[in-house]
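Before anything else, here is the set of structures, which you'll find just below.
Both complexes shown next keep chain A, but they swap its partner, so chain B is in the first and chain C is in the second.
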Partner chain A sequence: MNRLIKQVGLILLIAFSGMMVVAPLVFDRADATLAYLILYFIALASSWNILSGFTGYINFGHAAFMGVGMYATAISIADFSLWWPVSWILGGVFAATFALIVGLPVLRTKGPYFAITMLAVAEGTRVLFGTRYMEPITRAGDGIAFSPGISFQTKYYGMLVTVALCVWVSYKISTSQFGLRLMAIREDEEAAESMGINSTRLKISAFTISAFFAGLAGGIHSTFLHYVDPFHTFNIQFTIIPIVMAVFGGVGTVLGPVIGGTVLQVLNDFIWAHFLQLNMAVFGVLLAALILFLPQGLLEWMKEMRWVEKTRKI
Partner chain B sequence: MGRKDEENLKMCPLEGEHILQLQDVTKCFGSLVAVSKCSFAVEKNRITGLIGPNGAGKTTLFNLITGFFTTDEGQIIFKGHQINNLRPYRIAERGIGRTFQITRVFPKMTLMENLIVAARVEKRDERALELLELAGLIDLRGEYASDLSYGQQKLLALIRVLMFDPDLILLDEPAAGINPTMQNKIMELIHKLKEGGKTFLIIEHDMKVIMGHSDKIVVLNFGEKIAEGTGEEIKNNEDVLKAYFGR
Partner chain C sequence: MDLLPVIYNALIVGIFIGSLYGLIAVGLSLVYGVMRVVNIAHGEFVMLGAFLTFFGWTLLGINPIISIVIALVVLFFFGAIIHQCLVERVIGKPMLSSLMLTFGISILIWNTAQAIFTTNIKAVSYLGGSVTFLGVNISKSYILGFGIAALLVAALFAFLKFTKWGKAIRATSQNDEVALVCGIDTKKVRTLAFALGAAFAGSAGSVISMTWFIFPQMGFNYLAKAFAIIVLGGLGSIPGALIGSLIYGAAESLTGQLLEARMSQVVPFAILATILVVKPSGLFGVRER
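On to the complex of A and B.
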């Protein structure tokens, strides 16, 4: 029975991956856009998971890295006319650099203090990008409208590759000594330090990798939107929704954010289509129910039921 | 390890066979003097016991040696290098391992993962299995550490320290709160490791437990060292009896 369920899981994963690969070729534009948004949110949830899932440092400012990536890509195309693949990667590079600078002081705080500090970092970044002083670079509140001149399919596959890379990196982390050490920080940072684990260096590494993928996904998404402005770019929903997705699927796992991102984005789309006013309310209720009934997430629960093999590889 | 850090460490003369030396170590928390001008040495390849009543400063001293607290005054010298005020992971890298009074295993990691994560040795999987075998936990290797009993967690914490092969091992009440069979098992393991060349500094609240196992005992009271010597000497020391029994 359990073996059967395990095989069903594998088949579902292969079918899902296959569907995501062919989606823009066979689906109509609306469904292909949904598939694209699923990928986008998986990228955000999975990259959030690289820091917060493995080390337990709950990052409430992930939108900041996404936003910095969006601006980097938008500015490099609008003002410097860079080739789009370069500007996408610049989105990741700028976000990672930003994380490296912010991380040094911020990762000294722990627990709720870290969460609140990151919230402040994200809000501060939003305000900074919208000030008059930054107008020559960011156009302040007006935002930047630009046309990257690339097809939907190109953006779609760019996002798919980003997701694949991010999940592959999560897998590599989860099955390595580096990943075990991140988990040791989550479990007991002092005990980890007492056996020679340099927690500061590890946390900053995970933070930077996490920010790189958020920035890369943000950069690609800015070419999808053709527009960035401080309010939409640094909106806290781009922090909250990926967190709910990762928690729903399973924090600190490889495929948890993929499952959470897919299920919740499909659900979100359904709610948008049928009960628009309830949109965020449903997310709120879902989050409360999750913490009550499935605090460890869907995937960990399935592992405990022995429906899925109990391994760090999944 | 950066070269700069290496240069910053003052070279100090190594005295005899002492692996660890404390010189006038003092630590205050506000107006409370937790450790006051404490000096003693730990001899290589020996078991040194550290005893004293509640609040004597034993655990504070451990936290000073392992870098969790910074010293206010005095020096801590390990293998000829001053180590006070280094970060805890740097001190661990130099070869000091420790356990905690309240056992701190990584609960949501398996026993194998608990061990491998600390590894600095070659063939870490083989070494982990070897240690699990030694501690009698081999059959539980795939379980989460949170599923172990308290005594088993203590054993796990002890063998976890061995994964990065420290020369000096600090144990904070390794025998407290567990049954006599498990206590004997832990003490047996400690003696076996001593024969293999390890040095131990052990905090123990219960005098009876530590007497038979230590080569030397240091007694603390109100943050001050009040006696130092063999078990026999300590047993007959007036100050120690006063501190323990109020005589």
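On to the complex of A and C.
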């Protein structure tokens, strides 16, 4: 019975991957856009999971990295008319650099200190990008409108490659010594340090990798939106939704964010169509309910039920 | 521009607004001290107090000063219910659970408020005008805020110092297991602390509605400020929160005067970053267990 369920799971995974690869070729524009948004949120959830899932450092400011990536890409296309693949990668590079700078002081903090400091980092970045001091670079509150001139399919496959890379990196981390060390930090940081683990360096590495993928996904998404401004780019919903997705699928797992991202983006699409005003409240309720009733997430629960092999690889 | 009077002005104003932030921070610190939970929904209690006052005034014609007491009582019971039904279930679980749970509650409250109250910016224009105090023009609502904050914080100190329940709260924040062994109903103590924190936030929100603009998503600003303050003073230390709030108010007011008003929103982060690098336990930090 359980073997059958495991095989069904594998088949579903392959079918899902195949569907995502052919989506823009066979679906109409509306469904292909939904598929694109699913990929976008998987990229955000999976990149959030790289730091917060493996090290247990809850990042409430993930939108900051996504936003910095969006701005980097938008500015490099609008002002410097760089070739689009370069500007996409610049999005990731700028976000990673930003994480490195912010991480040095912020990752000295633990638990709630870190969580709320990151909330403040995201808000502070948003305010900073909107002030007149940054106006020559960011156009302050006016935002930047630009036309990258890339087809939808190019953006779609760019996002697909980003997701594939991000999941592959998560897989590599979870099966490597690096990942084991990160998980040791999550379980007991003091004990890990006394075993000779340089926790600061490891946390900063994970933080930077996490920010790189968020920035890359943000950069690609900015060419999809053709517009960036402080309010929409650093909106707290881009922190909330990926967290709920990762918690739903299973924090600290490889495929959890993929499951959470897919299921909840379909739900999100439905919510937007039917309860536009309460779209965030639904996620608030969902987050609270998950923490109370299914704190380990769907995937971990399936592992407990032996429906999925109990291994860090999944 | 003559700099010295500007700085003097900003410092005096800073003490007044700092006392109002202190009222919010004390509650957050009390809750953290008793149950090691950072309540992300704390800012939403401020917002609810503010809107309670606003609608009491516009719809029912209730004097905003009376509304301060109403907000205090309503938020006390609201806090007690939230704690009993939700927060109590994650006590003793990893930090992730309580952070995520209160984050979820926070999102639910502000988004629902947004749907009901709309995102329009509102204010209670009750205490307009200003008075001269130590040679500085101070808005009357700042004076009211200072008075309310001083009164409530003094009452809290007396409560913690002299009553049986206050003693139970102090015992629980020192060591909840031993407190339980000594026959203290720590669950009731936690509910009381959470309710008091919510009540203080609500009354602060009520004064804020007479002082600044209010909108459904305002809670986060005050959470960030209150958190910066309790980190500055040391998590869980109530005197630390008070001194931290005065320093914070002065810093914010100075930034607003000397740079750009919007830059004052970056102050909480700047203070947090500095303190965390220089002295992570805060000025009066209690030892982590």
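Please note the rule applied: the second predicted complex is superposed on the first by the 311 of 314 C-alpha atoms of A that agree within 3 Å, B and C clash if a C-alpha of one lies under 4 Å from a C-alpha of the other, contacts with A are read in each partner's own complex, and residues count from 1 in each chain.
Everything below uses one rule, namely that a residue touches a chain if its C-beta (ideal position, glycine included) is under 8 Å from a C-beta of that chain, and two chains touch if they have at least 3 such contacts.
Computed from a predicted model, the values in this text were never measured in an experiment.
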item	value
Partner chain(s) touched by A:127 [first = chain B, second = chain C, both, neither]	second
Chain B versus chain C as contact partner of A:285, first or second or both or neither	second
Comparing the two partners chain B and chain C, which touches a greater set of residues in chain A	C
Which of chain B and chain C A:28 touches, first, second, both or neither	neither
Set of chain A residues, in rising order, touched by both chain B and chain C	none
Residue ranges of chain B in contact with chain A within the complex	66, 68, 87-89, 92-93, 97-98, 100, 104-109, 113, 116-120, 142, 160-161, 163-164
Chain C residues within the chain A interface of the complex	32, 38, 40, 86, 89-90, 93-97, 99-101, 103-112, 114-115, 220, 223-224, 227-228, 231, 235, 260, 262-263, 265-266, 268-270, 272-273, 276-277, 280
In the complex with chain C, residue positions of chain A that touch it	56, 58, 60, 105-106, 108-109, 111-113, 115-117, 119-121, 123-124, 127-128, 130-133, 236, 240, 243, 247, 251, 277-281, 283-292, 295
Contacting residues of chain A [partner chain B, same complex]	177, 180-181, 183-184, 187-188, 190-199, 310
